[in-house]
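Look at the two complexes coming up: chain A is in both, with chain B in one and chain C in the other.
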Partner chain A sequence: MLRSNVALTIIVSLLPLASLIFLGMEALGTDWGALFTDETWRDSLFITLYVVGISTFLSLVIGTWLARVVVQKRWRFTSAILRIPMFVPHIAAAYLFWLLFSGGGIGWVEANERNYMTVILTYIWKETPFVFLMMLGTYEQLNRGYVEMAKTLQLSRFDQFKHAEFPFLIKPLLDSTWILIAFVSFAYEIPALLGVTYPKLLGVLAYERLSTGLYLEATEPYAVALIWTCLVGMGVLVSYILTSSIRRRIERGVRR
Partner chain B sequence: MIRQILIICLMLIPFFSLFLRIPTVETESVTAMANTVGLTVILSGVNVWLSMTFAWWLLWTESRWRNALEWLVFLPLFIPMLATLFGLYLILAESGLIGTYVGVMISLLVVTLPYSIRLASNGMAVIGRPLLEQARLLPFKRRILFVLFPLFSRTMRTIALFTTVILLSQFALIQLIGAGLIPTVTTELYQSYAGNNRNLALSNTWMLILIPVLIYFLLSVMSRWTVRILKGRLQ
Partner chain C sequence: MKTWKLLFALMMLTFVAACSNDQPVEFSDSFETAVETAEGTTVNMYMWGGDEGINDYIDDYVAPRVNEEYGVELNRVAMDTAEFIRQLSLDQKADRQVGTIDVVWINGDNFRNAKQAGLLRGGLMERVPNATLLNETAQQTDAGTPTDNLELAWGNVQFILHYDAERIQNPPTTFEELRRWTEDNPGRFTYPEVNDFTGNAFVRHLLYERYGAQLTDDPTIDEAFWDDLKAWSPHLWKEGQTYPKTLEQLDQLYASGEVWMTMGFNERRAEAEVTKGIFPKETRALLLDHSIASTHFLAIPFNAPNPDGALVLIQELLSPDAQLVKQGPDYWGDGTSLDLTKLDEADRQAFKELGDGVTYPDTEQLRERSIPDYGPDVIDAVREEWPRVAK
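After this line comes the complex of A and B, so read on.
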């Protein structure tokens, strides 16, 4: 029973990899020259990088800071409240922000505008609790002795964080960063509801080109999905290789 | 204290928009509701079963493939969801599963399983091998009923909740793989979001938020009740 379940899980986990092979095969007929010079895709790439960069960076910073403060100050109630947005479906979160910012908006932020501020805010609201939970476990298990030693050595606050906390956060931070990038960069529901007709985020443009009757024969969406997955995959690989020695050293230290 | 209140307010502010308008109570499609409930129940059950057994295997295996398989099951987390979806669309089209419940089920399972395994293996790592070692001596059914279920009922509840939230978030996946033939609450609601009827869209948002909350409380009550019965039996 156990073995058949494990085998089934492995087969299901192999499907995303198999899907990449199918993407590659389907993308073979793509006119790559036309794809790279297509202004619509290029603008879409830039706006996607901008949205992903800001929302991922801010979610990571805010989530880590919140985990640190909640553990240090023992804010149990706040910790419970911080988890709530995780249990709101993305599409509902998008609509909540649309309602909040539509019809005049709040200050300079307005729904469906070219700067994608509402999309970024929605992603920060949804993804900060995820980062918070990833970091919370690490902060709860963090050996306070390192921080105390950094204080005894009269290091500045930034240096205390850099030497006594940051090395232990590298692994969960890396995991969270790439999960968020993979998730935010090629999604449909939130940017479709809160975005604008031009430039669209990559996920929205690719999905619409794939599902609209006008483009049903086009292989471009498959090619874009494949390129983007390869870029994310390379990023994951490089970042994990670059940090492997320090992560291994930390893990050995923690085990000791 | 002020900082704490400020953080709580910032997290709760988006919910205020739920009260800005009066939601319209309109009867939604019964098929969509039945599909959503059916998919949620089956998908949560399969996720809990597969993730818990895989996490259990990961905890005890001495296989030299352990690390590679652990990477393999977590790898889909780093693949953009829509890219997986496009590839799955091609695979399922080859197998003639587009527009079928099986096709939608498989794609939803592919999307949710990595998260469930992560939650399950984290939960088992917290309890640790020494405490679970004794449970291995028990027969399979007794082990699950009297040890694993009471110990991991909270993890199972979280897995079911996560699965529900991910399922309710999926419009593109269900629309593409289901070929528009399998309506769920989300695909129906998306039409109202895209339209101009704000009150209807608001009532739909209420529903999307309330479904996970109801499931959470339902599962909490059920697990408490079952654990209490099991404890009674043991006494």
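After this line comes the complex of A and C, so read on.
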């Protein structure tokens, strides 16, 4: 069985590489200078960074906080309720928020507005349960001894969290962060329904460029996808290398 | 070791399967043989699926009929036109001679692209008997591109706006008046963005207002045109900050009363929507200065796996019976592509008896104001330059 495991591992790890090669081949012939100065792509990149940044950050904070509270207070019911959004498809979530916030909206939260608030809200609603589940396991296994010790040492609440909890959260937080960033930055349904004509998020713009006649021969969407994949890949690599020593220390500590 | 080998064999198999290039499946020699070979097969028809009435027409009316008459199973696949053209062009790049698509519904720039790339089969006129009934003018060109026997006309429609007469007592009668109307009624009008078929056509109507037919020969559009369009946008829905992505979205806005007008190709499109209670009860047609006439077509891809089945289906779709139901108010309301003078008396009479719906425009006026479409170059130019309006 071991051999087939190895084979499976090789295939799975070769897939991203193959997709990179594919993107690279399709991106051949792109006028890179024109791409970097193209205002449409640039504005799309900025608005994507903004949406990805806010929705990922807030999902992480809220999801982690919820996991913490649920474990501490043993709220079984809340824990079950919180999973529900996970089972709603993204397209249905987008439509739900469109129904809620189109035609007037609530305050400055309105569908199809340039501030992309409804898109961010939909992502938070969809991704918070994911973060919650990722963190729930961590919190359930968390060694309460460290927190007790921090309390005994009379650390402030913030310092208690910082020294007795946060180090154990680094790994699942990093995992969740990159999954969310990779997913949200190039997703289609939600920004397609709730977004605006200009600027569009990267995924929507890329799809539009690929599927309309005018750009049938376009290489730019592939080039953009290639650049973005490399950026995310580098981010993953750097962030894991930077935290490797602390993660290793924690893992040993937990196992002891 | 065994599993490892198995896995390897499996991988090779997928690889080989992906690379195989079979011989393309050819048409039978005559339509009669095609009918025989087609019996018991499935035909995959790929078409835009954004309209319930159209989908129902295919699923509830056409599919049972071809099954009964020819023993052919019809499988409708809903997909955006540009997308399956793209899929065909990928098939071609990969030299995939036996594909998945048998019949496509196509026109305009998509046809131009497919024709240039050589994605369609020729010689349809001779192979489909009912093609002799077609309206010859409609069959000749597709938005400025000669059809060259690569596609057969399926329907014939004109561009029209619809408005809610309960909210608008004195509707505008020209594009200029429409502009003034939006100044008095801010936020109550918009059009789909120009990557959408209908949105692009609306902008072409505005172009025709300024340039007339001359743009056909020289598709250069002045800066001033775009500046004017940009200056108009603050009076539109959401102050022009965004536009509906598709016609379906605009229809939804119209149905919910957020905007008071909608638009589209096909002068009869609103009838079924009103009957079903989706569009406002007092929906009426709004014919402005001119209206682009547009024909849409059926074609068979180069790598159709069941070309004979495709011929049978097209024969059925072009039959007077099927065309009559298509034009009627029950499903679709799509104008026939047949030349009524070529039909026999009973069929001709049946078309005449279809009559007018309350949301139809005046037939005479509609014909008088009909204009031919610009070629694909103008469609492309609009796509390329309009985004500055939305910025």
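We adopt the following convention: the second predicted complex is superposed on the first by the 241 of 256 C-alpha atoms of A that agree within 3 Å, B and C clash if a C-alpha of one lies under 4 Å from a C-alpha of the other, contacts with A are read in each partner's own complex, and residues count from 1 in each chain.
The rule is simple: a residue touches a chain if its C-beta (ideal position, glycine included) is under 8 Å from a C-beta of that chain, and two chains touch if they have at least 3 such contacts.
Here the structure is a predicted model, which means the values were calculated and not measured.
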item: First, second, both or neither for A:A93, with chain B first and chain C second; value: first
item: Touching partner for A:S211 - first (chain B), second (chain C), both, neither; value: both
item: Chain B versus chain C as contact partner of A:T40, first or second or both or neither; value: second
item: Partner chain in contact with A:G233 - chain B first, chain C second, else both or neither; value: first
item: Contacts of A:R114 with chain B and chain C, given as first, second, both or neither; value: second
item: Chain A residues touched by each partner, larger count belonging to chain B or chain C; value: B
item: Touching partner for A:Y198 - first (chain B), second (chain C), both, neither; value: second
item: Contacts of A:E189 with chain B and chain C, given as first, second, both or neither; value: first
item: Which of chain B and chain C A:S19 touches, first, second, both or neither; value: first
item: Intersection of chain A interface sets (partners chain B, chain C); value: 1, 8, 193, 210-211
item: Chain A residues touching chain B - in the complex, by the definition given at the top; value: 1-2, 5-6, 8-10, 12-23, 25-26, 66, 69, 73, 75, 77-78, 81-82, 84-100, 125, 137, 178-179, 182-183, 185-189, 193, 203, 206-207, 210-211, 221-222, 225-226, 228-229, 232-233, 236
item: Contacting residues of chain A [partner chain C, same complex]; value: 1, 3-4, 7-8, 11, 40, 102-103, 112-114, 192-193, 195-198, 208, 210-214, 216
item: Footprint of chain A on chain C - complex, ascending; value: 1, 3-4, 7-8, 11, 80, 82-83, 85-86, 89, 109-110, 112-113, 193, 195, 238, 241-243, 245, 256, 258, 376, 379-380, 383-384, 387, 390-391
item: Of chain B, residues touching chain A in the complex; value: 3-4, 7-8, 11-18, 20-21, 49-51, 53-54, 56-57, 69, 72-73, 75-84, 86-91, 94, 106, 109-110, 113-114, 117, 122, 140, 161, 165, 168-172, 175-176, 186, 189-190, 193-194, 198, 201-202, 204-205, 208-209, 212-213, 216
